[in-house]
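The two complexes that follow have subunit A in common; it is paired with subunit B in the first and with subunit C in the second.
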Partner chain A sequence: MEFVLLIFLPIVAALFIPLLFKRMKRIHTGWFVLAVPLILFLYYATYISSTMEGGHAVSELRWIPSMGISFVSYIDGLSLLFSLLITGIGSLVVLYSIFYLDKNKEKLGNFYVYLLLFMSAMLGVVQSDNVISLYLFWELTSISSFLLIGYWYTRDRSRFGALKSMMITVFGGLMMLGGFVLLGIMGDTYSIRELIAAAPNFVGHDYFTLALVLLLLGAFTKSAQFPFYIWLPDAMEAPTPVSAYLHSATMVKAGLYLVARFTPIFAFSEVWVWLVTGIGLLTLFWGSFFAVKQTDLKAILAFSTVSQLGLIMSLLGAGAITFHSDDAVFKFAMFAAIFHLINHATFKGSLFMIAGIVDHETGTRDIRKLGGLMSIMPVSFTVAFIGSMSMAGLPPFNGFLSKEMFLQSMLAIRQFELFQFDTWSILFPVIAWIASVFTFVYSFYFVFRTFAGKRKEGQLPQEPHEAPAGMLISPVILGILVVGIFFIPNLVAKWLIKPAVAAIQPNLYQQPADVDIHVAAWHGFDSVELWLTVGVILIGALLYASLTKWQKFYGLQPANFSLNALYDGMMNFSEKGMNRISRFYMTGLIRTYMIYIFSFISVAVLVILFVQDAFVVDMDSFAHIGVYSIINAVVLILAVCFVLLSKTRLAAIISLGAVGYSVALFFVIFKAPDLALTQLVIETVSVALFLLAFKYLPALKDHGESVKTKMTNGIVALGVGITVTLVALSAHSQKLIPSIAQFYKDTVKTEAGGGNIVNVILVDYRGFDTLFEIAVLSIAGIGVLGMIKLRLARKENSDENK
Partner chain B sequence: MELLMAILIGILFTAAVYLILSRSLLKVILGTGLLSHGAHLLILTMGGLGGSSPPVLDKGASNFADPLPQALILTAIVISFGVTAFMLVLAYRTYGEHKTDNMNLMRGNDEHD
Partner chain C sequence: MRTNDVILQTTTKVVFFIIFLFAIHIFFAGHYTPGGGFVGGLLTTGALVLLLLAFDLKTVQKALPFNFVIVIGIGLLLALGTAAGSIFFNVPFFTHAFDDFTLPLFGETALHTAMLFDAGVYLVVVGSAMTIIQSIGGDA
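Take a look at the complex of A and B:
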């Protein structure tokens, strides 16, 4: 079966959603949608047995074969893991949304169409082997994210957030496209597998570092890394199921996927190791530090997502070290990255859903108004507790395991000696530890400020109660996974993590079974990670206890000194600046535009004429000059001068007629009797027409044109005149191909049975041309008639109104 | 001959562009008229002006003028007449509506921004 087509299954399903939404009002549309991710999840799950053995599957759908662009679905350990996340979390989120979104009040048709569009796009991103189609799907995720954030489009904040996310991620996407094109030039292929195979030749190529940076810009904007993370908090205006799905579990991980997928190509570069690890760690710290400042539940989660994405990013960077050193201590990083990616999807997904439940049941997400919900919402509290403790990195939850491995990997960086890492490497574990402390604090802040403490009576917009059972199913399933993975980490590793790790690090492992890492919760009392965790708990608890005392220091940051202010400023500036620029040259005057056009024509043609050395005059080919020609030319020049200089309309019109008649005489001289006849007739009719219209037109005035204006006009006009003269001369003097006139001379009698070649060309060889010419004239005639009649019709109308 | 014609065409184009750039509506129309005359002669000149007899099959005639430019120009003459007629009525209506033939005053309004 061509499973590449399955990528498009959600889009195809989306076509039926509006219909189902309109016709089946009584059933929540979500129930139909749920089938799509569920089927796909079950289907993709069947691949686990194959990827566990290191196998992969390829399916191709040709799109533009001549340019090497096609839809290729390539399923190996890495893309399978992401596909399962997309469809698995997707199913849970759709289930949750059925209870979250009211079927009578919300525009479910729109919502599910966007969601399914996103699902297709995301599957495309993680399965595409062709970088161009990957880019296509990548931008499609940005667009569907834009639509979903702006789902409640009547709210200002939604529209603002949607635009912001779009601006930043599409900017990154375009940069990434540039990176892909450079890769395509270096490797002469758009296939990622072939690029990986050719990767060792890329090192030292002129484009290598540029391609690397461009690609990372795409990954960093999508995965909300510093300083591009600012779109993610504003994206929280989306409905909570969307936040749980796109903005924590899947879309923001597309950047991580990209980095992981291209690791075998770029890991040879020190820039890669530095940028990915450094930016990741900075983001981790920054996100965790500012998460404590937030007061909106979803904003806390947004900053925590930023921070956790940074964590995984830094692990991916640290994992790239294995391309430079064989030391076994560096092997943990990549494993930890994939492990934490799975864990994050489980605990953050559940936390988002709980935030949504709290919002739904109490009417607010402001943590300052919440508190004491534990007894009212016991199930939600339990799930939130599990998720938060896992996020804080405590046992017995899966976050503990991956957090330990993270600390271990950061400690290992100290032993890396290339690229000046030996000077700075002590910073990595230190920053990682500080960020872990803040992670601990915001995890506690999130769960205990909401559920513990005293209830604040009268602050909540509505009386809180536990959510309906259906809404709790999804977070509870995720909560069970959080605990479950803690107890069976090695099974998860065997099924999902090791195949993915083997796909990212082909230099180390031939097949998944070669990944010799065993996850254990207990490493003994002499392990440094354990004591680091103990330190995190102690200091973290201390900081949490004194939170009210130091949280106010966040207020010291001036509002206009932030990345958000920078973004707003840039948007404002570009909007106003562009407006000013376009107003500067778009004057609304036809003269201005004509000057642009004429100057461009003459400058472009003259430059090309001389740069290309195309100006050639062949005097020998000229025909001799007759006396009549000279006389006629003088007449014509005089007539033109009269047109230019005449002060009255009548003189100008008559002079124009004189020009026409003298052109007709030239046609006679040049042996073109048909032209001459036509010209005479047309010119006579034209002059008559002018004289008719003359009556209705005002006297000739120059409307106060200044000498300067006239000079400008004159110079532009002279430029065009000279250009045309030169073109006429050189076009006549050099013929690239011989005239086809001989063909007509030979065939006009035999083929068309006529003698007058010009006439036969018009009515026979180019019959259609003449037919359409008649059509054009008819249209012009209708236009003329219409313009005269239209006014009369309107007058009658207004009379009727009276 | 071609040199003379080329200069003539240049003069026609110069005059035409100068008129088109002016502020008076009628002058713009006069300019388009001159422009089409210039274009017709340009096509004819580029094709070559030799040829001692019209392109009609006749006894003894062998050195024809090139018939193809003539066919093209014939079409162009008629079309340019259509354009001129349309422009004239357009000008007539514009003047009727706006009571001015000053191009500087015809620059749209805020609705078109």
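Take a look at the complex of A and C:
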């Protein structure tokens, strides 16, 4: 089977969702949706046995072969891991949403369509081998994320958050597209596999660093790295299942995927190692530091997600060092990155679901109002406790293992001596350690402020109680995974991590079995990581205990001195600036626009005509001028003068008709009956139209035109007239290629079965033109109708927003 | 717009049909002699405008109860459908077909899919022109 088609399965399923939602009111639509990720998960799981051996599978759907663009599904260890995350977490999230979103109150039709759209897009991102289709899916994830954040579109904050995430991620996406195009130019292919094969030649290419930076912009905006992370906290306006799915487990990891996927291409660069590691570490610290400031449960989780994404990013950067050094100490980083990526998806997914449950059952997410829920919501508390402790990096939870490996990798950087790392490398473990302390603090802050302590009576909008069993299934499953992975890390490594690591570091490993890393919880008393963790726990506990004393210092940061203020300012500025520029030339008067258009046309055409030396008059090519033509021309000129000089509009309209009829007569004289006929009828209809609208037009002398505007109009009109005349003369005087008329004459009977060439051209030879012309005509007709009807409506009700 | 011109109204009743029939003739003759869907459509519009001038908008709307916006839609669909129909015969988009047939009453007649396309053009022209005229004329 062509499994590339499976990427589109969710989109196809989405087509039926609105119907199911409308017709099957009694069953929650989510139950139908649940089948999609579940089937995909089971299907992709069958690939594990193959990728474990280092195998991969390819399936291609040709799209635009002439430009080398196609949909390619390439499944290796890395894309399989992500596919399983997307479908696995997707199943749990859909299950959770069935209980979270009320089937009678919510617009489930919209919700699940967006969610399935996202699922397809995300699968496309992680499986595409073609960078152009990867970009397509990448932007599709941004759009579906936009729709999901704005799902409660009546709320101001939702719309703001949706727009913000869209602006930032689409900006990054466009930069990334630029990077892809540069890569395409360097490698002369859009296939990632072929690019990787050609990568050693790229180093030193003019575009190499530029492509690298552009690609990283895409990855950093998507994965909420500093300073682009600001969209993620605002994205928390989305329904909680969406936050758990898109904004912690999958979409924000697309940037990590991108960095991992392109590591074999860019890791040769010093800039790559510095940027990925440095920005990652900075984000890790920044996110964890500001997470403690937040008071909204989901905001805490959002900042913690930012920080954890930074952690994984820095590990990916540290993993790139293996492309420069063979030392075994650097090998841990990439393994730790993938390991932590899995762990983060499990514990953060469960924490988001718990935050949603708390919100759902108490009516608030404000941590200042919560407290003492432990006895009322024992199951939720247990899951939240497991998740938070894993996040803090404590045993016996999976976060402990990957956190230890993280610290180990950061310590290892000290031994890297290239690229001025020897001067600065001490900073890496220090920042990592400080960030870990804050991670510890916000983990405790999240779980204990919500569930421990005294209940604050009367503060909660609802009487709290434990969530329904169905809602707890998904977080409990994730919680079990968090504990389970701690006890079987090497099995997980064998199935998922090592195939992925082998795919990222083809230079080190031929196949997954070559990855010689064994995860252990205990490294002995002499391991530095252990003492670092002990230090984190001690200092962290101390800081948490004194939290109320120092948390208020966050208030010292001025409100208008932040990245968010910068974003708001930029948005405001661009909106106002654009408005000002538009107002400068948009007067709202059609005649102003006509002047722009006509003067531009005549100036542009005249300049080209003389610059190109194209003005030629060949008297021999002209037709013989007869008596009738002269009489007709005189009539025409008289009629034109009369239009200009007439005192009343009625007279002007009638003389305009006379102008048209004399033009029609010219067609008759020069034997063009079709044109003559058309011109006559058009003239008749338009004169009638003028007469119909006559009584609504202002009197001719009331146009309020000064002599000056009349002069301008006169000059522009003269210019257009001269332009058209000169172009007509030159066009007729020189023929670059033989006329097509003979071809029409020869074929009109045989090819088109007609006799009248003019009409056959219209309906057959150039049927496309006619088709679009009538489309334009229809739009014009409906446009006029719309404008007049709208104006009528406004007369009745001056405020159209009401 | 209320007119009460007996001579104009009486003449119009006859002339309208003459113009209309001429428009139909010109439309059908278009493939071999001057004419076609575009002119035919305009001429029909001309006939209708004459009706509008002689009588008022409401009377005409009562006599010809078409929604001209829908006429536009039908015309566009017809034109596009004719063009797209060729795909089903495995020839490129917009390939026309024609042949001679012996029909009762008409005798030897050339039938042409271009005529269907032209009919679409005809309907769009009539529809758009009438939509514009009616909305401008009706904007009181």
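The rule we apply is simple: the second predicted complex is superposed on the first by the 586 of 802 C-alpha atoms of A that agree within 3 Å, B and C clash if a C-alpha of one lies under 4 Å from a C-alpha of the other, contacts with A are read in each partner's own complex, and residues count from 1 in each chain.
One rule holds for everything that comes next: contacts are C-beta pairs under 8 Å (C-beta built on N, C-alpha and C of every residue); 3 or more make two chains touch, one makes a residue touch a chain.
The model shown is predicted, which means the values in this text are computed figures rather than measured ones.
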**Request:** Scan A:Y696 for contacts with subunit B and subunit C and give back first, second, both or neither.
**Result:** both
**Message:** Residues of subunit A touched by subunit B versus by subunit C: which partner has the larger set?
**Reply:** B
**Request:** For A:H624, decide between first (touching subunit B), second (touching subunit C), both and neither.
**Result:** first
**Asked** Looking at the overlay, does A:A565 come into contact with subunit B only (first), subunit C only (second), both, or neither?
**Response** neither
**Partner chain in contact with A:F768 - subunit B first, subunit C second, else both or neither** = second
**Request:** Answer with first, second, both or neither: which of subunit B and subunit C does A:M578 touch in the superposed model?
**Result:** neither
**Message:** Output check: A:T684 vs subunit B and subunit C. Expected answer is one of first, second, both, neither. What do you get?
**Reply:** second
**Prompt:** In the superposed arrangement, which partner chain does A:G753 touch: subunit B (first), subunit C (second), both, or neither?
**Reply:** second
**Asked** Counting only touches as set out at the top, which of subunit B and subunit C does A:V643 meet: first, second, both, neither?
**Response** first
**Message:** Taking the superposition on A as described, I'd like to know which of subunit B and subunit C A:I782 touches: first, second, both or neither.
**Reply:** second
**Residues of subunit A contacting subunit B in one complex and subunit C in the other** = 673-674, 678, 682, 685, 689, 693, 696, 755-756, 758, 762, 770, 777, 780-781, 784, 788, 791
**Prompt:** Which residues, counting only subunit A, touch subunit B once they are in their complex?
**Reply:** 587-591, 594-595, 598, 619, 621-626, 629-630, 633, 636-637, 640, 643-644, 649, 652-653, 656, 659-660, 663, 666-667, 670-675, 678-679, 682, 685-686, 689-690, 693, 696-698, 700-703, 705, 712-714, 716-718, 720-722, 724-726, 728-729, 731-732, 739-741, 744-745, 748-749, 755-758, 761-762, 766, 769-770, 773, 776-777, 780-781, 783-784, 787-788, 791
**Item:** Footprint of subunit A on subunit B - complex, ascending
**Value:** 1-27, 30, 33-34, 37-38, 40-42, 44-58, 64-68, 70-71, 73-75, 77-79, 81-86, 88-93, 95-96, 100-104, 106-108
**Prompt:** What residues of subunit A sit close enough to touch subunit C in their complex?
**Reply:** 673-674, 677-678, 681-682, 684-685, 688-689, 691-693, 695-696, 752-756, 758-760, 762-764, 767-768, 770-771, 774-775, 777-778, 780-782, 784-785, 788-789, 791-792
**Item:** Contact footprint of subunit A on subunit C as seen in their complex
**Value:** 1, 26, 30-39, 42-43, 45-46, 49-50, 52-53, 68-69, 72-73, 75-76, 79-80, 83, 94, 96, 98, 110, 112, 114, 117-118, 120-121, 124-125, 127-129, 131-133, 135-137, 139
